Amino acid sequence: MGKSEIRYAAKVDLEKDAASQPQLHNRWHPDIPSAGKIADGEVVKIECVDWTGGQIKNDDSADDVKNVDLTKIHYLSGPFEIENAEPGDVLVVEIQDVQPLQDQPWGFTGIFAKENGGGFLDELYPDASKAIWDFEGIFCSSRHIPHVRFPGLIHPGILGCAPSAEILAEWNRREGQLISECSHMARDVAQPPNPTNVHAGAADDTLTKRVGEEGARTIPGRPEHGGNCDIKNLSRGSKVYLPVHVPGAKFSVGDLHFSQGDGEISFCGAIEMAGVITIKFSVMKDGVNHLSLKSPIYIPGAVEPNFGPGRHIYFEGFSVDSEGKQHYLDTTVAYRQTVLRCIEYLRRYGYSDQQIYLLLSCAPVQGHIAGIVDIPNACTTLGLPIDIFDFDIRPEAAIQKLDMGACAVASK
Amino acid sequence: MGKSEIRYAAKVDLEKDAASQPQLHNRWHPDIPSAGKIADGEVVKIECVDWTGGQIKNDDSADDVKNVDLTKIHYLSGPFEIENAEPGDVLVVEIQDVQPLQDQPWGFTGIFAKENGGGFLDELYPDASKAIWDFEGIFCSSRHIPHVRFPGLIHPGILGCAPSAEILAEWNRREGQLISECSHMARDVAQPPNPTNVHAGAADDTLTKRVGEEGARTIPGRPEHGGNCDIKNLSRGSKVYLPVHVPGAKFSVGDLHFSQGDGEISFCGAIEMAGVITIKFSVMKDGVNHLSLKSPIYIPGAVEPNFGPGRHIYFEGFSVDSEGKQHYLDTTVAYRQTVLRCIEYLRRYGYSDQQIYLLLSCAPVQGHIAGIVDIPNACTTLGLPIDIFDFDIRPEAAIQKLDMGACAVASK
Amino acid sequence: MGKSEIRYAAKVDLEKDAASQPQLHNRWHPDIPSAGKIADGEVVKIECVDWTGGQIKNDDSADDVKNVDLTKIHYLSGPFEIENAEPGDVLVVEIQDVQPLQDQPWGFTGIFAKENGGGFLDELYPDASKAIWDFEGIFCSSRHIPHVRFPGLIHPGILGCAPSAEILAEWNRREGQLISECSHMARDVAQPPNPTNVHAGAADDTLTKRVGEEGARTIPGRPEHGGNCDIKNLSRGSKVYLPVHVPGAKFSVGDLHFSQGDGEISFCGAIEMAGVITIKFSVMKDGVNHLSLKSPIYIPGAVEPNFGPGRHIYFEGFSVDSEGKQHYLDTTVAYRQTVLRCIEYLRRYGYSDQQIYLLLSCAPVQGHIAGIVDIPNACTTLGLPIDIFDFDIRPEAAIQKLDMGACAVASK
Amino acid sequence: MGKSEIRYAAKVDLEKDAASQPQLHNRWHPDIPSAGKIADGEVVKIECVDWTGGQIKNDDSADDVKNVDLTKIHYLSGPFEIENAEPGDVLVVEIQDVQPLQDQPWGFTGIFAKENGGGFLDELYPDASKAIWDFEGIFCSSRHIPHVRFPGLIHPGILGCAPSAEILAEWNRREGQLISECSHMARDVAQPPNPTNVHAGAADDTLTKRVGEEGARTIPGRPEHGGNCDIKNLSRGSKVYLPVHVPGAKFSVGDLHFSQGDGEISFCGAIEMAGVITIKFSVMKDGVNHLSLKSPIYIPGAVEPNFGPGRHIYFEGFSVDSEGKQHYLDTTVAYRQTVLRCIEYLRRYGYSDQQIYLLLSCAPVQGHIAGIVDIPNACTTLGLPIDIFDFDIRPEAAIQKLDMGACAVASK
């Protein structure tokens, strides 16, 4: 015996264009060629680029965020063929570690411009902004949002197995129907397949063209396979149970987050990074039947940050919007109100609303559905950890005047 | 010095009709007479009846649930006048303990009939059902849902200060507008003031009549004062910061829960009980300004059950409904799907859907908003504690056949 | 069905002398008459007096502590006969709740005088002192130690089954041998049987006399049955597995603590109280064999206070005593040094050493054995929760001047 | 801006003899030459060899453990000069990350032979044994101890500032006195300075000779600077406050552990590894006075594994030894008994005593001082996490027969 480093199933080159790297792809499609084989029971490391493929820079301007090309995202690593995996099986994915790339110890959080991506509060905050986060071991801090610092609840935003052709068709059908039904809305409600900037891994031109025409965008998570579920707790030690839809499972992963809050509200809301994930793969034969599994399930690891329940301030919100209009059990409206209550609270310390919006997107805030049956009001809560601040934010504490600087903004 | 028991600000008599007890009331209105004074800084005990005022019995039929009279609910204890509290202040409520009444160590969870109250899943489960829970110290278990047992995260479902006349008018305006806008819907979307069975505490007939005509129903929580927020974590040790709207605050509390899951999905979904709550009251002068407070905030206590993050199975749900229709970032739809995924999982063990529906309503399940920006899919998660079951529910475990009995049902 | 309060297996009368109440006793002996029968599987409530039987008063003098009569202690409730329990079985004791008596919401912590009981630091602090703690729900605070407040980790200091005659003889042999071997030491090293003030429950005079001559004192815990183990985590929800040595088990319990720190260093160091404990008893047949059980084991409950690991300051101590003498892997010396480091730290805030000594005895401090093999130094640590103080005790914080009052002292 | 990897203050070469690498040393002495400068406020990475300098191999024989050369240990990285640090200051060391070296993802736990190092239970288990642990991300498992697997609570066993000449002299005085007083004991009670295999970093021969004659061995932790404190919770996110005794502090670190249990009972008891630690250094001027600091203190990070308090089995032990002899408040005897109780419990599953001894040394077991004042018995507890086993070890579970293999043993 002796030395035996864990095998890399994929590496990335940050100096090269993501679109030129065959182990990456940016659409969901069953026919994207395999990026490699992984044995049942094997542990591998997989490197990932950030979700934009390097479009966002470590600087103090948000012009890159404003002008981000969303036809390119998300660049995922894979798809990997898993030995023994057949449709009807469950692929058990144990996330054994996630780390930033050693030579790129930083990440970014962005508020996307309302006209290019938007986010949960884009009616209020339509302009692009950005915060760069520096990593120091398990901690991160930002020159753009002073006086906060926290350990990352590091995780992949996206993981899942490829859809079958049938599932892909269903996705396109139902999302297309939504788009047509919502044509009166002044905003995108979904993204149909888009051939622009499609990257189908090692596919030839013919296949790439077809993937561009048929392939589902990676933006939404979807019930059949998970995908971009953006669950902040899929961190080190978690096990995820994924339905398999095609032979070999064709597993992909990407959109690594150093940290994220529940809701990932600013859309580019996590601390987005390039990194490496260590995964153990195993196949549960006939698992879909055994587990009655329609959507992924998961079991978190034992090593999440534990601030203590009493070290959070919780904000409450209800489904009455800012104009005083009553909505019927609308949890989305309630959560927006909840977030606004927290912004109003933190604004007292001198932070700009954009800084807070960025912070609540990426810090490990807890977003709970409290009550969802007391007509007409849904009630949600947002738990803000007290100890991520280096000053005392508790209600009883005096309000200190601190220099809160500014987040990166876009030129007009 | 020597003995000094904590003072009771209110006691209840379970042998007498709740409607005849002047320290109780069942509407929100600024003019309901004070049920007693409490000093700034004082600790008192307050007894409460269960929210229905004793309509539900400890037996094996759900006829009482089916026929429950919802015009009577919720019976709250109060309103109490708090020394020094003026509009613009914040009433700080420290929940120092909550206990069931010693001679009534049991509670109930009900699925309300679709035509009389309903609940989150009433389209699927329209019939009344019930589970009785027996308390053994901090634990509860039910003859109607075998093989589960858990410590209670005990808390009040309702607490808040009385609305001012202006706020009350606004509630009636906006909820009335919703009712009129939703007249096409085949269900109640809100409850307007209703004089039937109004109980205005010690009010005389004239005032009672007015409270009946103007007073807000206690069913929804509302942003201005909290009220029926149904936040499961407002347990022992929590501090709640409540805006004061009338002189003396006129604080009321009730709807005590031995335990509840996030969402309280079956509407009568907590383990409802009569009990006693110990509260320390203090007034933060001009607190609404100091805290920029539009809705209550709270800080949980340090003594919640800690099962360990890795001892939960999390279910994922997305805003695609059971008919395959895509909804746009609809968190309510997503949470309904999340709950259904958990029902499908637990059904494998022989539980009826109604048993699971009841269980997920009252056990300390974690309902999180995971992603709310990945158009068109909102993603929510539900965390089910593994250790509330006396058999192994982890995905890898074999499925044992156990006698799961039945919950209480209503006669046809 | 309907109302059904949990049965009391024993009640106490705080107005009457503990020595006159037949359901109490203050020695371990197999022949003390049963105080009642409990069924296998039954849940009962058991009331207990404080360990001294009411010798300590809620006042501001420590004369009662100075003059405490230690021949009387500990008054335990029992012994109870458990149906089906036979020698070789294991009695499974689930602690479902512990509460102070409703009409006595206070407790005490004492530093015993060096010449009457002593404690871990009696060489340094030889004089009697006292702190009275007031209970407000799950919290306690003391007029004698201002600016601290914490939720109780409530538990019984003593629980166990009666020794057999053989085990009792072994206890007397080995402790007698220690006494004779340590006759050169200027202090009591153990307490032999002592007929003075013996209370053998319902025993007649002949039996009482024999119990006085043979019965083991209740002061030490002992490996064969647990007894006065003073484990702070035997709180609500814990299960304890106790070896049975006599037919019917003859279980006793007492010495209830509202809270205690690891080590209970001032001897009367917990927050001692009268109270009621709710226990579910069940018998594991042949459990001693099945579990290879020589001493009790236990599984804590899920609801301990969780301050978060990062909200503790840890002090380190090594087996070099205050005179600079090196001891060989002596954990007791190391822990004494660890405690002294914490006293030196807290002294900076204006607390007296006695106040700190009292506080570290009863607050939920974590005492760990860190290293026990690195010759010649054992290393222990003591974790002090930051959030039990209402001012900031972190190393970086400025030292504020606060009025720290004084603990109760004895007259000279 | 752009890429900026964290600076390495030291690297190691596992292919070369540790004794030949000038940034390593294996004695404590104020005059060992600096291995580099670190700025006040700087974050650096420091690579470390395993404590034996590579003497233990990844194989299935314990001959290497049996024959280990203890004159060489521990190889530490440093000493580093910290800008601004002067005697009387406190060096604040924030441990931002600890990782195994990427190309050596394994570690070892050893039982040292009684005649060459020994351990806490060497009277019972005198022979050398070994377990190799493979790392998979945050998890570890061992072919030598099947059916266990756990996340590492990764930390340095040793960190501290160099002693001044006066402190060094005091160490040698007091440990020398112990050695002379204990000459009747049949075992080493301490290790005096030993020139054999001394490695004084970049020192020339003259200085190396003097360091060999005067330098303190690194085996024990010591109160004045911490050193080999072996505190399992000094993990990621911890802050340690170290007294400074010489200009520049001369900080050293090493003995990295992937995991360790309280006590580290088998001496080479942690999962020993080569690795890299990321540290932020800052100087608290006059900190020794400000903190009244005689020994280091620390604040753990927020990200320890959280199994939940109810997912541990706790074993109790008292200061009565295995021969039935009563000791007076001897915590070391009590902890040995506690460990034996756990061995007896786990032996039922087919593990050898040596496997359990190794496991309890390195798994994150909790060793608590429960009671230390109930004469004559000290009581300690050991908490064993249930969820590190892949079978059910709870008392109620049936005992399954599993293949438990064997740990590595030494040839006779």
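Labels A, B, C and D are assigned to the chains in the order they are written; within every chain, residues are numbered from 1.
Following the convention adopted for this analysis, a contact is a pair of C-beta atoms (placed from the backbone, for glycine too) under 8 Å apart; a residue touches a chain by one contact, two chains touch by 3 or more.
Bear in mind the structure is a predicted one, so any value in this text is a computation, not a measurement.
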Shared interface numbering between subunit D and subunit C [over half = same, under half = different]: same
Chain pair showing more contacts of the two, A-B and B-C: A-B
Centroid distance [mean C-alpha coordinates] between subunit C and subunit A, Å: 50
Computed distance of Cα centres, subunit B from subunit A, in Å: 32
CA centroid of subunit B to CA centroid of subunit C, Å: 39
Touching two or more other chains - residue numbers and ranges from subunit B: 237, 301-304, 306-310, 387
List of subunit D residues in touch with subunit B within their complex: 306-311, 387, 392
Residue ranges of subunit B in contact with subunit C within the complex: 1-6, 43, 57-59, 95-97, 102-106, 132, 136-139, 151, 236-237, 278, 280, 301-307, 387
Subunit B to subunit A touching residues, read off their complex: 90, 92, 119-120, 170, 174-175, 177-178, 182, 188-191, 219-223, 226, 228-233, 237, 241, 262-267, 269, 284, 287, 290-304, 308-310, 312-318, 320, 324-332, 335, 337, 341, 344-345, 347-348, 366-381, 394-396, 399
